[in-house]
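For reference, chains read A, B, C, D, E, F and G in written order, and residue numbers begin at 1 within each chain.
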Amino acid sequence: MTPRMFVFQLLGVLGLIVVLGLNIIIMDWWERKLIGHIHVRPGPMHTGFHGILQPFADMVKMLAKEDVVPTEADKLFFWAGPMIAVVPAFLAMVVLPLAPGFVLADIGHGLFFVFAMQTIMPFGFTLIGWAAHNKWSLVGGLRSAAQLISYEIPMLISALAVVMVAGSARLTDIVDAQATVWYVFKLPVAFALFLVTAVAEMNRTPFDMTEAESELVAGIHTEYAGMKFGLVMMAEYTAMLVGSWMIVLLFLGGWNLWPLPPSPLWVVLKVYLLQSFIVWLRGTYPRLRMDRIMELSWKYLIPAALANLLAVGVLVIVFKGF
Amino acid sequence: MIADHPRVGHVTTGGTTESIVLNMGPQHPSMHGVMHMQLELSGETVLAARPVIGYLHRGIEKLAEHRTYAQCMVLVDRLDYISQYSNEWAYCRAVEKLAAIEVAERAEWLRTLYAELVRITSHLLWWTSVGLDLGAFTPMIYAMLPRERIFDFFEATTGSRLMPNYLRFGGVKEDVEQAELDGIHDYLAVDYMKLLDDYDTLLSGNEIFISRQEGLARITTEQAVSWGVTGPMLRATGCPRDLRKDARYGVYDQLDWETQTDTRGDALARYTVRVKEMRESARIAMQCIERMPAGEVRTKVAKILKPPEGEVYVRHESTRGELGIYIVSDGTAKPYRFRVHSPAFMNVSALPHMLPGEHIANFFAIFGGADNVMAEIDR
Amino acid sequence: MPDSVPGGAYVVFFLLAAGAVGFSLAMLFSRNFVHSAAYLAAALLAFAGLNALLGATFLAMLQVFIYAGAVTVVVVFVVMMTRVGVADWRALLQPQSKLAAAVVVVFGIGLLNALAGFVPALASPKAPVTTRTIAELLLKEYAAPFEISSLILLAALIGAIYLAKEARQ
Amino acid sequence: MFGEGLVKGLGVTGKRMIGRGVCDMYPYKRRVLPPKSRIFLSMRATPDGMPKCQSCLTCQQTCPDHVIRIERDPEDRKRALSFTVDSGRCTFCGMCEEACPYDALVFTQDFERATFEKGTLTYRLIDAGIATESCVTASAEEQPVHASAEGGRDAG
Amino acid sequence: MDTYFTDLSALVLAGLGGLLFVSALYGAVRLLAPSRPYALKNQTYECGHDPLGQPWVPYRIQYYAFAIIFLIFDIETAFFYPVALAWRRLGPAALVEIAVFAGILLVGLLYAWKRGVLKWD
Amino acid sequence: MGLTDSAERPGFILSTVDALLRWGRSHSMWICNAGSACCSLEMLAAGGPRYDMDRFGTMVRASPRQSDILVIPGPITKKMAPVFTRVYNQMAEPRWVIAMGSCAITGGAFRESYSMTKGADTVLPVDVFVPGCPVRPEALIYALLLLRKKIQTTTTVGESHREPVYLPPVLPPEWTAEVDAFLGEGEVCAE
Amino acid sequence: MIPASWFLALGAIVFLIALFGFLTRRSLIQSLMCLELMLSSVNLTFVTFGRTVGDPAASGVTFALFAMVVGAAEIGVGLALVLVFFREGHANVTSDDLDILKG
């Protein structure tokens, strides 16, 4: 741990915060724009060029919006809940590489670390929902917690198939192993499972149980005003970024775009394409019912993921070069 | 006397330790207006539901007693603000029956046309809310497209997008230009049908949507009849009850159309019936335009109408079911008593029977399927 | 580690140690069980950090994954299914808590005494401890405990489900 | 096949995502509203500022919401001293326009009437016997329509 | 220790950075936002009504089943993870072992399924 | 207390912040979803493809906590008045109210009725009145732009907060008296 | 290099805190939480010992792994028991006078 290292890391963390902020700004605008176009309307238009300043305006407004704390709310977690939701998502970003070597902490268990961070999120959501002392929030929080914990397992198991084939959980290694053939082609089943579960982990339509606007007013953040609401949104957008980034790294070849030379640009491109796809899903589908969501995970996805894992295991043993 | 303050009592079933009593509405994104539902939940299962209405009670029935018959049209428009022409027509029919007024031939066709167009817009609005209740908000925006087109037609011909005040005793306010009619005919024939096909693919064919609607809150015809449920909700149980055919008004008997039914009786059936009706209504409207005779649109009626003493009740197939208008006249220029039998009210009162035992997420699918308009329930 | 700043590791250690002790105490003295669960999660996270500091990254992650993630969620669920907290601080305590305190003090003195005489240094592992070795250990040397642990888990699962089902009726 | 509907649904939204929007871009471009649409109650006036109202009070009696208040000139029963409209109460039903035997009332399509002050919603069409700027000036080619000449317009 | 430690310090730094960032936002809100709490405003929102009863009541016990199955399967995947990492080195015997391991736990899932606790209602 | 709360004479920084805040607030006006009657259909249409409020950054939020503007799209009946006041009170400051349609302005077509309040301004502090019945979507957008102008020109420095609005838990006696009068005499169209 | 004894001492302190809590807390839930904490501190001790002997076989970690399994199984069943007690009306899973929900 040299001082240079320390400064480097400090800068890296600052950079990540910028990425976090930039991502939410870009995605907020892009999502509204995209949904707008799906709805045959222009979306944000008159705040800056094609509404590009819209997220900034929202941000400024949220900063200057009163922070209502309900009398009966649990003061501590009403305040700390959004934090608990944001920080793990942010931490997960630390191990995600943009290019070989271009990563803050290229730890050997990068993949597992992301999942470990993701397990904290349901806890955060439960606390957010519980602290508000509001029935909608409570139901929303418990729902989202139940959903997140249910989808974590098939997600990890299908990711383990990748680990099995790549023989490493270091994300850079996994990407490098896809220099020619992306795992999406090698492991299509795992990819499909991972995609579905990742969308569920991001709490996006058709799995958007945290918000479930028509059912639970605004879900877990019913009581959260101003910046706290912004923070919850930030956590969700960051989770979306982390999730799509993971998919890109694990299955879509990361910075590889054969036959073009590898470049961090491809990662960014793929990540945002994927996020656009998720927004597109949101613009198309209704929401699944809660019990169907749970059933889907426990009755279909987990057995399927296990079967897939075993099948991949057999393949790896039988065909050494798989 | 306003006996009850909004802070109403609790749901009656005794709460266990696990149950939460939840106020749904009146300010709730998908309560379709200012409905208030008190739900008792155990976990996420509805144990008991109690609709609380009256948040939009504007006293229309009482106000009508202080207005002349012609002036009441304004109130009738706002009774069920989603299918205004149906209300106006029902009211006109009642008054015409009471005062024995002839209706001009062309006006009957125009009335039929408008009633069917408004049925389309109403069903489209319901379609938006069905999507919205299930978390898909694109249908909401898409349904706006044909709605806007039809509203354009309404505005160009009657002067208002929503509150037309167009029907008059003995006819309609003024004639419609042929160009406008042709325009809407072309739209219905081509673009509208295409849009509907697309929308069908978007929602009706969606497996998620089907899985959320199928088998939900299944009711039988007997149940529906005993709860007084009418309209598409009744037809979805397989009962071909349609006052347009049964009560014989307008020019429906001269047109080629069918009552849309579905035998399943569940939420999906209610959905299907309404979607089919959207197409059927367009067919009726197109036929109206094609076969509309020329002529006067209004017969001579006294400026201040004073119907003879007596009472009248007409039944009318509004978008939501059987709309009844009851008027008692005492021979003066103002109705002595004006009463509305609201289809939405009957449909909503069936909800407490249908809801218990359902998952809270299903609550909205069922609730939306009833297609209620609070303005009509509360009056 | 010639060019390393020794301070860094110490800072991290003290941060984490303070976190571990502080949050455990907070957990203990919180009257609201949801708070307790959250403090527990925080303390366990600190332990994860300590494990990582010792080089046991895999275990550290497991600590986050299983303890801070899964166990606390389960605890929070249960708290929400029962009662959230107690009104009075004294209601937290067992009647015979004085006795317990005495036991703990005696035990603690003994433990710390034993530790005081035992000051080993951290040795670097002779061969790098990779997670792969753990896997090999699990499947070869500890194969029996491995399968048995699955049986334990199964038993716990069935038992818990049975009990939860019982509790519902 | 399961999932077919899901894919097709994506197609429906995807098609529109790429296609053109239908937005009016309201404050920048304005849709021409149909002349019949009832948005702002106004009155026809001759170019020299004389309102066409003959102060017959029909509209005041017809209006279901008591929106119109007319002050008659005590000397000249055919002249209104003031004609006040409370657009905050108007339901834009068009009954007054329909009933006016002199075809004095007319609806314009000026909808930008939002205001900070409730009071400003009450405006005068005739003030001191003279048409205010809220009135529309009848163009030269528009023939004055007299009730006795036409007759049929208010046959209800 | 060193490589571990650089990674760990990055994570600790990031954690602190994240917390600081969020606190900074909170600070900005304190600085910029108006604040006027009063009783009615701070009352729990319930669709424009007086809140009825307490939200913090004991919740449905049967959801506990999900939590416990999750916990068990979480541990299972935690065991799978090193195995998957070392898979290429382990060979067919491992396959059997892991299949048995997963099989035993699947029995548990099956049990839960049959007991009907995998229903969210 | 907030930075912009107390300052008497804004310096450079403060005025910059003030300008920024005004810009932010005026460009991100979120509407509270509180549909009540016919006018809410036009509010829906204003969010629709043809009019699209979202162009101006106006979203419809379900929870009053996150919204800035309470649009009252329809009649406020006496039963509904406490609900609206509560929703208004539970909105986070700064907040504004738009009375949409004749009903919300004066009671409109139902003004004489026993069950109506005589306009939103009798229960809430209304900022913008939009006449119409129903209000055209364009007119609503116009009102929003008008309100935006107001927000832009109102300094946030030394912000004068709105007083809380309370509605008595029991109905005011004059309301009930009016009901009695209506039902008793049968003629209240005094005007 | 941080001395191993620091880790051991830390583990011991937390263990004692948790033990104290376990013995004195009336609420079963809190006792179980304390138990988790105890297990965690023991795990730390395992790992530290593993490091002090330079254990190449990583037995310390593996052992900790099995400890986790046992801990998880125990808390799963324990909490299920809490639920049963609670349902059977033994509100004194925590205490008798726990009617107030918020602390």
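Worth pointing out:
Here, a contact is a pair of C-beta atoms (placed from the backbone, for glycine too) under 8 Å apart; a residue touches a chain by one contact, two chains touch by 3 or more.
This structure is a prediction, so every number in the text was calculated from the model and none was measured.
Contact with chain B and chain E alike is made by A, F. A count of contacting C-beta pairs for C-G and for B-F identifies C-G as the more extensively joined pair.
Averaged C-alpha coordinates give centres for chain C and chain E that are 16 Å from one another. A straight line joining the Cα centres of chain A and chain C is 27 Å long.
Note: centroid distance chain A to chain B, computed from Cα atoms, is 43 Å. Centres computed as Cα averages put chain A at a distance of 31 Å from chain G.
The multi-chain contact residues of chain A, meaning those touching 2 or more other chains, are 1, 6, 36, 38-42, 45, 63-68, 72, 74, 107, 112, 119, 130, 135, 138, 142, 149, 169, 213, 217, 222-223, 226, 283-285, 290-291. For chain D, the set of residues touching two or more other chains reads 6, 9, 12-13, 16, 21-23, 25, 64-65, 91-93. Among all residues of chain B, those that touch two or more other chains are 6-7, 20, 22, 26-29, 44, 74-75, 138, 141-142, 145, 160-161, 163, 202-203, 206, 208-209, 359. Across the complex, chain B is touched by residues 38-41, 135, 139, 143, 205-206, 208, 212-215, 217, 283-292 of chain A. Only residues 1-2, 4-5, 7-9, 11-12, 56, 58-65, 67-72, 74-76, 78-79, 81-83, 85-86, 89-90, 93-94, 97-98, 100-101, 104-105, 107-108, 111-112, 115, 117 of chain E touch chain C when the two sit together in their complex.
For chain C in complex with chain A, the residues that touch the partner chain are 3-5, 8-9, 32, 34-35, 38, 41, 57-58, 61, 64-65, 68-70, 72-73, 76-77, 80, 130-131.
The residues of chain A lying in touch with chain E in their complex are 1, 5-6, 9-10, 12-14, 16-17, 20, 63-73, 79, 82-83, 86-87, 90-91, 93-94, 104-107, 112, 119, 130, 132-138, 142, 146, 149-150, 152-153, 156-157, 160-161, 163-164, 167-169, 217, 222-223, 226-227, 230-231, 290-291, 293-295, 298-299, 302-303, 306, 309-310, 313-314, 316-317.
Chain D meets chain A in the complex at residues 6, 9-10, 12-14, 16-23, 25.
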